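In the two assemblies presented below, chain A is common to both, partnered first by chain B and then by chain C.
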Partner chain A sequence: MTRAVAGAGIRRPPLRHPLRLAAALAVAALTLLPLGYVVAGVVAAGPEGVVALVWRPRVGELLRNTVTLVLLGTTACVVLGTGAAWLVERTSLPGRALWTGLMAAPLAVPAFVNSVGWYALFPGFDGLDAAVAVTTLSYFPLVYLPVAAVLRGIDPAFEELGRSLGLGPWRVVARVVLPQLRPALLGGALLVGLHLLAEFGALQSLRFDTFTTAIYDQFQSTFDGAGATMLAGVLVLLCLLLLAGEAGLAGRARISRVGSGVARRAAPHRLGAATLPAVIALSALAVAALGVPLVSLASWLVTSTSTAFPLAELAGTAATSLGLGALGALATCLLALPVAWLAVRCRGRLAILVERATYIGNSLPGIVVALALITVGIRVVPALYQSTAMLVAAYAVLFMPRAMVSLRAALAQIPPELDDVGRSLGVGPAGVLARVSVPLIARGIGAGGALVFLAVVTELTSTLLLAPIGTETLATRFWSESSELHYGAAAPSALLMIVLSAPAAWLLTRRAAR
Partner chain B sequence: MTGLDVRGLRRSYGDVPVLQGLDLTVPAGALTAVVGPSGCGKTTLLRLVAGFDRPGAGTVTIDGRAVTGPGVLVAPERRRIGYVTQDGTLFPHLTVARNITFGLPRRERRARHRVAELLELVGLDPAHADRRPDELSGGQQQRVALARALAPRPALVLLDEPFSSLDTELRASTRRAVVDALAAAGTTTVLVTHDQAEALSLAGRVAVMRDGIVVQEGPPAELYRRPGDRGVAAFLGEIVELPARLVEPGSRNGATVLVRPEQLTLTAGGDAGMIAEVLDVAFYGPYAEVRARTTEGTVVRARCPGHLVPEPGARVGISVTGAVL
Partner chain C sequence: MRPARRHLLTAAVAAAVLSLAACGSGATPAAAPSSTPAGTRAADTTLVLYNAQHEEVGKAWADAFTAKTGVKVDIRKGSDFDLANQIIAEGAASPADVFITENSPAMSLVSSRGLFAPVDAATKAQVPAQYSSSKGDWVGVAARSTVFVYNSATLTEAQLPKSIMDLAKPEWKDRFGISPSGADFQAIVSAVYLTQGDAAGAAWLQGIKANAKIYRGNSTIMKAANAGEVPGGVIYHYYWYGDQADGGANSKATKLEFFGNQDPGAFLSVSGGGVLASSKHGAQAQQFLAFMTGAEGQKILSDGKALEYSVGAGVAPNKALKPLAELQAPTVDINALNGPKIVAEMQRVGLL
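Our next item is the complex of A and B:
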């Protein structure tokens, strides 16, 4: 704070680094490609074309399905996630550490594995109910984690103050606790909504059609550019509506985040006789979200006639996944670096725009990103179509925010004075970069890269559309085997994916805990 | 010999002028304090001298070498300066020893004796060499930062409010250690601070800054006793206004003079130049501050020793010792 006082009168001169600025702009352009593709498609079709393609009963049905799923699924995730977070963080529930792990663990099971697991155990489990149930079980941790972090960090003094001002316990929750939870709740709900809009594998296997599955089918069956593009246009519109809605609702609440350093933990609410029902409820949630898919996998391995461990093949597939993951992580971090640098060191309108652009790219479903890259690729650089480079570019667009968050945090921890001090000691700019900046952000790059790596390993939609012919990842192998009901053959890939995703889930838990 | 010479330095941010043609001369081998209220441009001055920023106009000369001027802008790393920030800014990924040797050529970085020498110079146990910055107290971090700045034997050391983030107790000991180390090294030093007591007590020369220029400069005692104007007088210490009659022939009758509160002596009797009634007393232990109204109606503040405190309501005599400002 003393720094703020002394530095109040100083504005750092705008740094002029044309190379880094150009790099950041190029990255922003790449991440805006999908949006540009949709807009260009709409413009090319013209008003009448758009009406002809969009104003159809089929589109109406898809819209109804998609909106219903997003509304029901998001509500269910908010209720389950907040309830579980409150039970774990603020009550006398026994076994807190265990529950903390169990409530985040569903993130390690890809939604399409979860859905196949449910469907295999309960044939006939499909349609809207099934889609809402399975996606909720897969995505409620996205609400649980931020809400639990805030509940853990809320200073109990606020609640005590509320009580001292004459509010009863429930009114304290409504007027003191909920307002503080609002940014976390809205942020979590937005993530769930975007995931639901983008979800492909789980919904396809549960036979529930949304825009994402319809775009995929249309593209696979007819290769119909215009039709798929129009559907993608409606889907993008829904995404932007969600983003705008969240931004509008969050308002200024977002600015005041709860500080990290809190002196005291709140006294837990005594559950008393309610302890047993609470334990049963959380156990049921854990069984449904984790137990069912894992039991399914285990039973396939043991009983399925198609169970096989073609070791060489599996090893090859796993190696492909690992290789793509490493390439994706490397490319994403390299691309995120100039943007993160711009956002941290040259705060300004342009920097904010560029940074937002990279987040918009990520908010669009993988299917739209894949379609955009295919279309642009075929027209501009045909050689890139179905190349590894294009697949990696899609990963970079999709997962850049995961790298950005870590890189930004790491860069923000380097005060600009460090550069000044280094220079004053007789070391030139390159030396300062090598001896100060790079060692300091190495850990941030590592953490961001790990998150991207693990997201790539379980990515299905874009990989199905963009992977070069003959390239098989664990995700696509599981998908093709389970689509043909060869569950036994699919199981080893799923297990490998879960083993690889577990560290990511753990990292996300730790980050949310801070 | 001049260590640092600044002429006509100007800098503005947008439409806001921060430095408006600042002149400053710093003698070599001594500590000069630049003191002024927050926002007067002190830090901007340091950043321009260090070369982190480019001025709108003006020249900077270090040890006779022009480093900033028309057509000249020497990079910070070629200026042979040492720079110590408000909170030390140690490299968080390096140990104390590697922080200190950061600015040395690769061959000399291994030499442990240099690290030990420098740690001793700033009054730290050489055993601290392998600690990490986060294991040090704020005062220790500042001492390491100074050792790091002195290691490449700079021609000029710039201290940017180096003690303001320390608490009172650490501040006194750290100030002493830093000033002693700088005196031992014999380096030309510019200390920027908003704390006038710090400037007066540590520096051989003090320059008072206001609104982007140096308004007065000189040895601390002279500045305190003979401030150039009322603003400088009020910035460097408390002042008391007294009505006066000038006795020289031909002068106007009524005038006001300024004195320091410690120049006023309270006496029990009524034989002094002024009689006053005590309004209230703030007792600090060794001394007390007394507010009193003179018979002419002026309210004055005076200091008196703790064992001679008058009661509120008492009538006291007030006499002035020393010359008025």
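Our next item is the complex of A and C:
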């Protein structure tokens, strides 16, 4: 079935689309700036310097910690996200609409708020277990959402066909369902993995050090910028491993479907006596991911004497966050589009390299990305230095993968033949893109944009260093208030971040519910 | 795309552009027409302050300075080393005129690259010499004292360490927290090396590595001590005073021990201020630095809620604090703090 048609899919050489190729290369160049900054630092340190700074016990410890966190955290997100998606989408579990909302909502809670919330209620909650638990609770929706979307959209005819050809129920899952889930699952897992590599906010109070936390530490050391850059170099290598791994596992199977008629809804599996345990499991997940941070915020509001709701200020700050989030989402999706198109439609070595290049910025700590853009920006485009445009470019470098994964998945589901049909009807290549591809992937663009928006609203370091002077966002406000220990004054900013993010999370569930 | 969705998207983008235009016009005075009547040149100048001090401290100084002189001040906030590294990456093109920090090592970093202009002699005279750069390119604007915060239910006064050197002894294993990644703790290590000598310093650091529970950030240590996770920890004084003033939720079960006695654990860390050599408004920038360290600026600090020590112009610190003279801080050359040697030592024992 899916595989048989794959041969008919037409591989197009990228050089036949010079404009799109040029656009994709330009985007890749922008997102590679931080890598260039790291490489320049490594070269400047010289081979001896590199060995002295990298070959020491502390780096081994960080390597072990980082790899363990990425492996355990990603696995936990895959298991929880897929399990929850299956329960919600493919079983008789009552209250599907409610669960859909609750499983996406953790994306609206910034990871550092979640972390601080857990630590406040459970002091002593630290180390590897805590780091895995908190990051999983924050990021499992990145797997849940794409998997739920695919599970809901799968044509049950494929599974029935598998059964009729003699496969048992588990083999149907392994040979029919999983291959269809694979792009969504891997895309989600890749996003989680990249986030874990670059995570700082959620880990800073959990007594668990990774390369990223160590890089921040090195920047706190007066004369050790070189040490920080070296660690960032090792981090880039880990990121490349992750990217190669995902590309290797992704495969080339065609998953788009052409044909008359519409896929039926699959009949839900009857949970029967398992309904109660399933409801309890999902409720526990929701309480852990949403209840704990919200209760903590509420307790700050009650116990702190600095609690205040300066409405005008908060409204202005929220509007800035909203505006930057929307601009960041728009720009990132726009930049991701040519790269995603190239990666899906002209899949070859060059296309894969270009697409992978855009993921690296996301795995580096915000401070490294910001310093790279400062170093280049102030010299190359001084007029744009510390302008909104430059800040938005930083967001695009940092969060491109969130858009890329969504766009790529959406493009993969459109039969390439539709492009040909458009061309054969006399529409030019740009017209096909604008009138056929983009409308068909609108939901994908919406999903990618929503994911980028969620990330921009909580971004701190680049916003502090690159925003036009005087810009205050909810994240920078939360940072100042909480670092001055005014938790009551900080809580409204955190709550507003959650409120602003809720519509984006809701938009993501709309995609899942298609 | 359904029409409703299209409108939603259009509305969202329009709102985004509008809100940015609104905040942009308020935020970039360079682009906005000056509303002040044509008067002195000072009134047309806008200084850029890179503020790594507490937001409220930098803002209070800037507002009072603008009220007094008409010189406007735009503020970029960030942490010590974020902004110091930013200034270095910006180099001669830096938009910053004045830089103030929480601790002196970030000032030393910028100073080591020769990016500060010499401070006016009159300004230097307002601040005791031990709180300023020996190169004369930055001055102290505030100070904070090292303290031992402890859970008063777990530790009695008799059980407290008499000196920060005691914490390297075996009986303190896993019984106190430190935040070695912060510039603060690195400054304390520097103070130990400077006052006790290299050999004793190295032995002490090894003991600390073996004994201490590692946290990130002073407030995390205080919360852990408050919750009884760890009996005590090394922090700066104002975290505790600040939390007490904010309802005490994170410090109500704790007390502070000041080591005093010229102990390296009584180390006083200096917040610095300097004028960038690349500033295009050098005269007004020097005037601003003079204002911060002068009687008016220091009084704003000691009357404010930051609860840091004022250091200049004979202004007494906030009354809630233990008086500066009673702290008996060790004499330490703040220009020699957190040098490459200290960082290398901390890397050697595995604390960094």
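By our rule, the second predicted complex is superposed on the first by the 307 of 514 C-alpha atoms of A that agree within 3 Å, B and C clash if a C-alpha of one lies under 4 Å from a C-alpha of the other, contacts with A are read in each partner's own complex, and residues count from 1 in each chain.
Here, a residue touches a chain if its C-beta (ideal position, glycine included) is under 8 Å from a C-beta of that chain, and two chains touch if they have at least 3 such contacts.
It should be emphasised that the depicted structure is a prediction, and the values quoted were computed from it without experimental measurement.
Legend: residue contacts after superposition of the two complexes on their common chain; A:V436 is shown touching chain B, with no touch to chain C. In the superposed model, A:G428 makes contact with chain B only, not with chain C.
Which of chain B and chain C touches more residues of chain A: that partner is C. By the touch criterion defined above, A:A22 reaches neither chain B nor chain C.
In the superposition on chain A, contact of A:P415 is made with chain B only, not with chain C. In the superposed model, A:A157 lies in contact with neither chain B nor chain C. When the two structures are aligned on the shared chain, A:L327 is found in touch with chain C, with no touch to chain B.
Judged by the touch definition given at the top, the superposed model places A:L165 against neither chain B nor chain C. Residue overlap on chain A between the chain B contacts of one complex and the chain C contacts of the other covers 439. Chain C meets chain A in the complex at residues 1, 5, 12-13, 15-20, 22-24, 26-28, 48, 54-56, 74-78, 80-83, 85-86, 88-91, 93-95, 105-106, 108-109, 112, 181-183, 186, 213-217, 219-220, 223-224, 227-229, 239, 242-243, 245-247, 249-250, 306, 337-340, 343, 346-347, 350, 352.
Here chain A touches chain B in the complex through residues 2-3, 5-11, 13, 413, 415, 417-418, 420-428, 435-436, 439-440, going by the rule given at the top. Chain contact summary for the complex, chain A toward chain C: residues 56-58, 61, 119-120, 123-124, 204-205, 207, 213, 216-225, 227, 300, 303-306, 316, 319-320, 322-327, 330, 367, 370-371, 374-375, 378-379, 382, 385-386, 388, 439, 442, 446, 461, 464-465, 468-471, 476, 480, 483-488. Residues 13, 18, 38-39, 41, 43-44, 47, 50-54, 75-83, 85-87, 89, 91-93, 102-103, 145, 148-149, 151-152, 158, 160-161, 164-165 of chain B are the ones touching chain A in the complex.
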